[in-house]
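Take a look at these structures.
The following pair of complexes shares a single chain, subunit A, combined with subunit B in the former and subunit C in the latter.
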Partner chain A sequence: MSIAAPTSEHGFEAYLAHKRSRRINNWLIVAGGALLLAWCFWDTIMFDTDWQRMGGALGIGGTLARFFQVDWSLAPKLVVPALETLMMATLGTLLGCFLSLPVAWFGAANVTPSKFFFYPLGRFLMVLSRSIHEIIWALLFVGAVGLGALPGILAVAMRSVGFISKITAEAIENIDPKPVEAIRAVGGNQFQVMYYGIVPQILPVIIGTIIFEWDINIRRSAIMGLVGAGGLGLLFFRQMAMFNYGGVTLVVLAVFLLIAIGEVVSHFARKAVI
Partner chain B sequence: MTTVAAESLSTPSRTWSRYRHPESTIRFAVILAILAFLGWSVAFLNIDLSRVLGAFPRLAEILATRYFPPDVGYVTDADFVRSVIRTLEMSLLGGFLGVVCSIPLAWLAARNITISRRIAYPFGRLAIIGSRSIHETIWTILFVTVLGFGMLAGTLALTVFCIGFAGKLFSDELEAIDMGPVEALRSVGANPLQVFQYAVFPQVRVAFTGIAIYTWDVAFRAATVVGFFGGGGMGWYLKRTTQQLESTRVAAILLVIIGLVLLAEVGSGWLRKKIGRMR
Partner chain C sequence: MAILEVRNLKVSYTASGPQILKGLDFDVDGDDFCAVIGPSGAGKSTLIRCINRLVEPSEGDITLFGQSVRALGAGDLRRLRRRIGMIFQEFNLVNRMSVMDNVLSGRLGYTGPVRSFFKAFPREDIDRALHLLERVGLSDHVDKRADALSGGQRQRVGIARALMQKPEILLLDEPTSALDPKISRDVMGLIRELAAEFKVPVLCNIHDVQLALETCNRIIGMQDGYKKFDGPAQGMRKQDLDEIYAMEVL
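Here is the complex of A and B:
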């Protein structure tokens, strides 16, 4: 617990006093946290919940039982939405990669065109992309381009820009400068420096990140249907609206299966790349 | 292929590296398959490529005309501020419960220190992957259906989300520990709990604290939209204003969300840096 080790001149008493103050400090933090959580608990669970409407254990059990009567008849209708979800995620990731190219370029301190304007801009775009939830992006794009798979793709792309460009910018910042200098020394122009000096160094990291992001984007595109873009989310929404809870369970299982497949594929793809 | 080599005569080393691979055929096949899948996707989803590029100017135009003067009065309203505080409460409680539940699950799901590789390991993995793979909004909808509208559903959805998020990071961290102390304690006959307490936990305490703070950060981001599906908090205001097409109010709410998420990110980054220094 004590990182600052006792020195000989302070002696054992000083060490004990240090430990005691640390302990009191820790207890204060824990007590403060516990109070805060207790207040949160009171306010959210006790105050805001309508226990009467829930209908007791029987009511909850009844609803749960309906979820467990899985409606297998829906299974053939799941194939096309699942494929749509997968495609939405893939295209969204691809578009996200293209969009994050300039952002990463702006946001990497060593290659940015201007430290005072483009660097903060790039950093801001990264944070902006990540701080807006995919549901909100989807809502904005449904308003802009109408219903269908396109707003989902755009929303997924916008949401993934932040992560991809952040990792890419960090990779660019951490490159070995020697190859860049070597190419400059033999007279390579800006593009050649980029293509032969920087890209080969960061490519494995970027591809790994993209595969990781694709995996997450399957998850994201599975809910795009909730706000008007297609895929499994739309089916989920419809089953929910029809109160066909057995169908809902099946859709959730399909999402789970799709993501399990995505996880396996991304695991092997990352192994092959790195 | 030889024409490619002829083109880049100035950098012969790069051309060489391409032909060194004996699997270059497989590589090209994979790239071709990915491209084919992308093309098929565009055709299957019926995407008009010109609309993709047009979407961004159009979004900018809509934001400028319809969303532009954000209705600041709406977000300074006492009810809205109350909902923001509730969002914060939900994220704290959900994050805390999620972290508390995910530590034992991560212990089971860490291959090197799990209790039993046959039963506990797959169970822990499945629990973490299961809660991770279903998106938090779907969890919210499910909990709202079973437990009714309100913050209880939202908190539980965030809890499950945090179990998946933190559980994966925790178990990754646990799998990377130094096994020396673990074996030392095992060899003197400690039970699994003692091994965890004295050999594992001291190694990962700092990392776990950092991950817990990061989990809260992500949970807060998720908590802003949990209310959209009836989970309580500020998301409900977002839903209401979106459906009533009160775009200036939506803009104000979005700005508040962005501001709060930024604050949370800066705060959690600062805390994590501070804790990282204690390592």
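Here is the complex of A and C:
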């Protein structure tokens, strides 16, 4: 059986027509995107900005320049809030770890107590924790327990649960089942199966994740004060309210220093574990 | 007297799925070193795992040490499993734990929650573990991590772990399949020697027919979920083997 060769003329025409229609399609998509972008630009920048109050180039430059006159006299007052920020991050991470234990257990398909109730519950809690911003969590807890570091710690902990428990649950789902089988075969109970069969396999992943999360939580703790939950953010907020732009810059520098320290510590800690 | 009695054992993994074991009957006596041979897919691993219920049988009866295995609740099943030593094809060690902790984990069935948590095993368990590690020739590797050992050495850790339980029967699931021929013979020889020393009956899946005939005193031949042969190793003829492995030729 021979296959009829398509006339080259016909094949070429069809190819060209197809290419042309594709090109028109692409242009339509680009034009649509450009229109959308123009509308966004118009609505947010042209329409929403208070052009009258902006002042000239000198006015803008002058304000920015005031940020660069760092107010070093504030430095001694930064030490305690900086430490508080660090402690909030650390305690929040620790509390988050403990809260993550049951969530990871529920949300790992191979160890969950019930596929129909606890598994969806665990997955829901993971999403809930991550979908609410840390500032929103902080506002919630400031409302509940008042001002200070405690609501900040609670907010950081709640926000940490999602990431830690999700990574842990995934590590549990990816374990090698063979050691688990062996511990069951010697007559180990549920706890022993987890502690001897599963934990050693997931430990490096978990510790790496916790260090990573602690690193992120330093950043989160630094802004908790914006809503009254202690730490450097509170100072930032006060300097801003007093229009002390030099002080604001110093607080930002302090946050930067803190995060840099966190970065270095977590780098070496992770290396030590893995 | 039979230590293990299996009657009309049937297994399918899912209700609608294919039947893996299609009605098996056999006994294991107190002094048996019994090999289960047969082509891949005959159901050998499933059979071994039914006896300590790592796999749930669908039909039939298993009686071990006079207890009906299928009737046991979770707690009684754990107490029964303590008395059954198991050695695995891929060793099933916890790679990130030390050799010593892997061997000691054989005692977990007898260890309380606090001791388990701190990995603080009683003195006599530690002495026994050290003694067994010496017996299997691993005295120099006690504190090494399990994944630092070679295949043959890992299986020796597996043997020590099983013997740690003071087992009254040993279940072996292809203990030599992951090893080279020379090490396979060493490992089987060691298991036979230790089984005789501790007077433990053995039920052993094995792929290597020659090794089975050399090591075991009794052979059960399986094919496609049925028992095709059951008798002393010496009585095994060429045509029996041909019949067991007939499926593979086709």
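As a working rule, the second predicted complex is superposed on the first by the 239 of 274 C-alpha atoms of A that agree within 3 Å, B and C clash if a C-alpha of one lies under 4 Å from a C-alpha of the other, contacts with A are read in each partner's own complex, and residues count from 1 in each chain.
Keep this in mind: contacts are C-beta pairs under 8 Å (C-beta built on N, C-alpha and C of every residue); 3 or more make two chains touch, one makes a residue touch a chain.
Note that the coordinates shown come from a computational prediction; the quantities given were computed from them, not determined experimentally.
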Of the two partner chains, subunit B (first) and subunit C (second), which one does A:M126 touch, if any: first, second, both, or neither? neither
Comparison of subunit B and subunit C by subunit A residues contacted: B
Regarding the shared-chain residue A:Y196, is it in contact with subunit B (first), subunit C (second), both, or neither? both
Considering only touches as defined above, state whether A:A182 meets subunit B (first), subunit C (second), both or neither. second
Considering only the touch criterion stated at the top, classify A:L36 as touching first (subunit B), second (subunit C), both, or neither. first
A:Y245 in the overlay: touching subunit B, subunit C, both, or neither? Say first, second, both or neither. first
So subunit A touches subunit B in one structure and subunit C in the other; where do those two contact lists coincide? 196, 200
Taking the touch rule as given, give the residues of subunit B at its contact with subunit A in the complex, in rising order. 11, 14, 37-38, 40-42, 44-48, 51-52, 54-55, 58-59, 62-63, 86, 89-90, 92-93, 96, 129-130, 132-135, 137-138, 141-142, 145-152, 154-155, 221-222, 224-225, 228-229, 232, 238, 242, 254, 257-258, 261-262, 265, 278
Could you list, by residue number, the parts of subunit A that touch subunit B in their complex? 3, 36-37, 39-41, 43-45, 48-50, 53-54, 60, 63-64, 67, 83-84, 87-88, 90-91, 94-95, 127-128, 130-133, 135-136, 139-141, 143-145, 148-150, 153-154, 196, 200, 219-220, 222-223, 226, 230, 236, 240, 245, 248, 252, 255-256, 259-260, 263
Show me the residue ranges of subunit C that touch subunit A in the complex, using the header's touch definition. 52, 54, 78-82, 84, 86, 88, 90-97, 105-111, 113, 116-117, 161, 165
Subunit C-touching residues of subunit A, taken from the complex the two chains share: 176, 178-179, 181-189, 191-192, 195-197, 200-201, 203-204
